[in-house]
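Heads up, the next two complexes both have subunit A, just with different partners, subunit B and then subunit C.
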Partner chain A sequence: MQDLQTRLAQHTDLGEWTQQRADLAFVTVAREHLHGLLRHLRDHEGFTHLVLLTAVDWLEDGQFQLTYLMNNRAAARDIGVRVLIPREGADMDSIHDLWPTAATYQRELREMFGIDFPGSPRVDEEFILEGWRDMPPYRRDFDTLKYAQEEFAERPGRVSKDPETHMKQKLYPDGA
Partner chain B sequence: MPITTVLSPFRAWKFLFQNPVTVRDPLTERPGAPRYRGFHQNDAEKCVGCGTCETICQNGAIDMIDVGLAPKDGDSGLRPRIDYGRCCWCALCVDVCMTGSLSMSNAYTWTDANADAFRFTPGVDKKPWDNDQLGYRRPEGHALHGKDRVEMAELEPEARIGTFDEIVAGYDVARARLEADRCVECGLCVATCPAHMAIPQYIKAVRDGDYERGLALLYETNPFSQVCGRVCTHKCETACAAGHEGDPIAIRWLKRHITDQVPHKDYVRIVGKPKKAAKGEAKTIAVVGAGPAGLTAAYDLARQGHKVVVYEVRKHPGGMPRYGIPEYRLPYDILDADIDVIRAMGVEIKCETRVGSDITMDELKAKNDAVILAIGLHLGRSTRIPGSDHADVRKAVDLLRQVTDEDPVDVPKSLVVIGGGNVAMDIARTMARLQMKAYGEVAVTVTALEDKAHFLADPDEIRECGEEGIDIVDARGPQEVVIDADGRVEGLRTWRVQSIFDAQGRFAPSYDESDERIHPGDMVIEAIGQAAGVDMLGEGLTEALEWNRGRIQVDADGRTSESWLWAIGDCVKGPDVVHAVADGHRAAKSILAAFEGKGDEA
Partner chain C sequence: MVQDLSDRSQYPARNRDGTLDVDLTSGKYLKLWQGPNHPGITGNMSVELTVCGDEVVEGKTHVGYLHRGFEKLMERRTFIQCFPIVCRICVPEPDFNEYCYAAAVEELAGVEIPEQAKWIRTLILEMGRFNSLMMYLGGQSGSLGLGVIGQWTTYVRDLMLDRFEELTGARIYHMFILPGGVRDTLPEGFDARMEETLREAERTMKDVWNVMFQNAVFRKRTIGVGYINPALFDDYGVTGPTARGGGVAKDVRRDQPYLAYPDLEFEVNVARDSDIYSRADVRRRDALQSIDLIRQILAKMPRTGPVMAKMPNMLHWKIPRGETYIRGECSRGEYGFYVVTDGSGYPRRVNVRGPSYTHAMALLERLIVNCNIADVAALLVSLHTYPPEIER
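This part shows the complex of A and B:
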């Protein structure tokens, strides 16, 4: 995919390029270049299919990473375009004008990560979490276990033993 | 309405006589994908009940339950029960499993009218998918916890052989945290530790960088924490859950790391002052022998506000850790630091006082509310082979003592050690250092009855002996100390060992007499075991006590048949420091109970 990299670099300021496999590469770009690059890949490089749009929470760095994975069916290869955005007050430009299906991904990311995509159709409607009141659950600072314990009732009769305490009771109950 | 819209439903009739493309009966056979995450499978034999699956489960779906298996070293006997009303099939439990016992089948269809049926213990409650081959397995090479132990810096062989400097450097803070990070805090190790130290809790203290909390935890169960941090036999590490698919956590080195991080001047403040006994409640206790067993009992009793005097025949307290363990493994100032803490609790140690002559057992009995015998094993045993009464045939324990007390030692240019245990390694390596200092070269041969596969010494000791130029010859039975015409020791004659024990498991070595060798040496050192020196008891007490195969008979708490006397440590049990510490605790507890009238009147 060296050829593709060379061609793209002629008109877009590309960040880090990772050649994951012979038929799969990832490239990082600044957010202002994203829309133009996706349109170019779709219209001039044959990457007509948006496979998925997903996010990674780099909590320690205070950033979200968005990955737009696209497929060129004729050439049987994929490219993932990555954009890093600040975690605080996270928002991103919508691409539903390029692929209407993107609106669904963007609605999901809004719900699960709290990333806003202003102008994206139905982006503020509930997606799969009905009546969710907590922080978006795919954020890494969301405490899943605590939520599960508070939200879901225990079936009666559950008991759990701590291995260390259990062994003490069975093997050396008086502590010596 | 166009006419095609009206006709189109009838076009479907043309498919009526074609082969169907759908599955005939989708409700009976619906196999999951090969790596589908379905109902769990657990190899209950391989599982050790560490509960790490329960800890990682983000849905609180796993309980560790008693399924009737008896707990044993490294296995709590508990097994995970999964509540499928909560399980979200994420497989984190499979990914984190310390033994690889837990996996998931690709079975996912199951109906039952009873909701509680969906809460069961895989591998214990039998299920149809228990032996299914397909399903989710943790991918090869995928691990959520570090498998490799953080390396410990050591002196290189060339740098250490000419000195008695400590070999092991100890972890720095960064390395210790990395190592502590590998611990999953399951606590399986605690039962195996004879002193039941709070291992997961003090490892957590390392991770948090809270060394004062760590030190306080150590001294709750072990006043010889610095010593054990260096020379403990660390059986805990054999129970460690991390050892199943990687290196066990370096528990001993992390303990040492805590003691290294806290300045000695702060120890007593952190450990805390002893209790003050109520008026008239303070008892007096005499302890014979200032080794780990006696001093631990003394420490416990003094912390409860009682008056303890320890009588020690040698120049310095410490027992075998001082007089048996060489300085390159346990520096004397480390031992002194531990003993200083014990003294700070009010324990009085009277050195160079021989019980039996300077003060008798009868006097101790008369003056004290209880007496503890913790005299260790300080008499070297002899092979009694021809020539073993020669002046240049020495006992390992005697020589080690001479080196510690800095008494002059005649260092031979070459020597032979008889024995394959840790004491044999200690004396071989000690003499090798003295040879290096005196002559610039090492000529030590160790002959052991056991073959390499059954060696008694720790593997580390054997490896380090090799690095230091010591020749270990295995499966050799000593026959005679060879003495030349001028009456000087020339070497040791041995035969090859065919077997050590007879069919009944009794010690009865048999030899291949045709395979004879003479190992040259100007000195032969016997390191084949030790005995307790019980002459100090005196005739009356020796008669009165009950004995068991040459050892004083004691109950589980160390109490002898004489209600005022407890006997603990190596002289009744063995075999190492941490067992002695545990013995000391037990005896102290038993004595305190006796004082309170819970046990028999003391």
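This part shows the complex of A and C:
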């Protein structure tokens, strides 16, 4: 995929290029170059299939990584375009004009990670969660255990034990 | 020649923000919920229909009835602890999740699996594909009132589940594919018992052809109905038999071969009309192809050598920082896992790309416009969707 990298570098300011496999590479670009790069990949490089769009939460860096994965079936190769955006007030340009199906991914990211995509169709509509009031649950700092303990009542009569202590007591009842 | 009627009607009028101007008090329109409890829905999802007479003017897919937060759960589990979770993302065809996740983890950790394990994995994936297609054929015919087909296909699926049970010890969730390979070799006498099952399956498939595909009611209600314009395939991420039913030979097994597929002989099944009948016929031929592929695998696979690579202690297994995407062709289309690792003993992020995600959301909502209420179930089933992979 060296040839692709060379061609893309002529159009766009490319960041880190990671060649994961012979047929799969990831490249980081600045957010302002994303839309143009995706359009170029779709229209001129044969990456017509948007495989997925998802986010990775790098909590310690205060950033979200958005990954746009595209496939060129004729050339049997994939490229993942990474964009890093700040976690605080996260928003990103919508790409539903390039792939209508992207609106679904963006709606999910809005709900699960709290990343806004202004202008994306129905982006504020509930997708999976109904009446959710807490922080977006797929963020790393969302504590599932704490949420469950606060939100749901324990079933009466149910005893939960710490596995390590329980097994020690069971195996060594005299504390040996 | 079938025509694309998906944008035939523009009424009711659209508001400036793109929403439909539907006045439910006018008596002209009615809201109708198909699901989450409805015989014409696939799994735990629902479609909110706005109808005018018996014609749908708008449809919205609602999911979330089965949301268990698989992707989030996996971030708090070690790599091996994720295995009981991944298979549950898709009930009728769980093995694809195991394969994609295992292959992604192996690639990031630099593990090469033994040759025999590759073949056994391929065998399991084809057995799973066959089972999933049996469920589809039963569902598709059931959506049009042919209840008996579902009983026949459930019968052969059950025979295949027997083979799964003797191979893996489990019927539905097998957890047989693990990082490094598979758990065991084939049991003694497996080939003969599998051959018996395949013969029974072929007999049933003949009946299915005669009673379902030659049936006047089935043909009348599926030919020319649920047309997808092939020009939309890339816009809506359409893959698998749904795309192949429209003449586009998309098949990951051929386009980007994995496991033992480069050594197997098969033609990609396509049809040209892109309607419900074409998609059903592609899947019927896919099922017959799976039977053939299982025979080829058993004839060609090596029977000696290890089935598991030498692996580190799973309890303390850390994988270097990286990211990858692994895909395969499941019975419904492209299935893939995007896995990100950060050098710790836990996955940083796992994202599941299931074909239902694109087929049952944006695509369905577009196709359903102008559809007759009675055809909604057939259309939905023809996209072969499993909701858990949407809301994973």
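The definition used in the following text is that the second predicted complex is superposed on the first by the 161 of 176 C-alpha atoms of A that agree within 3 Å, B and C clash if a C-alpha of one lies under 4 Å from a C-alpha of the other, contacts with A are read in each partner's own complex, and residues count from 1 in each chain.
What we mean here is this: a contact is a pair of C-beta atoms (placed from the backbone, for glycine too) under 8 Å apart; a residue touches a chain by one contact, two chains touch by 3 or more.
None of the values given here were measured: they were computed from a predicted structure.
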| item | value |
| --- | --- |
| First (subunit B), second (subunit C), both or neither touched by A:Lys168 | first |
| Which partner, subunit B or subunit C, touches more subunit A residues | C |
| Which superposed partner A:Thr144 touches (first subunit B, second subunit C, both, neither) | both |
| Subunit B versus subunit C as contact partner of A:Phe26, first or second or both or neither | second |
| Which of subunit B and subunit C A:Trp99 touches, first, second, both or neither | second |
| Which of subunit B and subunit C A:Gln10 touches, first, second, both or neither | neither |
| Partner chain(s) touched by A:Ile128 [first = subunit B, second = subunit C, both, neither] | second |
| Subunit A residues contacted in one complex by subunit B, in the other by subunit C | 144 |
| Touching residues on subunit A, where the partner in the complex is subunit B | 144-145, 148-149, 152, 154-155, 158-168, 170-172, 174-176 |
| Partner subunit A, residues of subunit B touching it in the complex | 49-51, 54, 57-60, 62-66, 70-71, 76-78, 83, 85-86, 115-116, 119, 186-188, 190-191, 196, 200, 557, 582, 585-586, 589 |
| Subunit A residues touching subunit C - in the complex, by the definition given at the top | 18, 20-21, 23-24, 26, 48-52, 54-57, 67, 69, 73, 76, 78, 80, 99-101, 103-104, 121, 126-130, 137-138, 140, 142, 144 |
| Subunit A-touching residues of subunit C, taken from the complex the two chains share | 18, 63-64, 67, 69, 71-73, 75-76, 107, 234-237, 239, 250, 255-256, 322-325, 327, 334, 336, 338, 340, 348-349, 351, 353, 357-358, 361-363, 366, 391 |
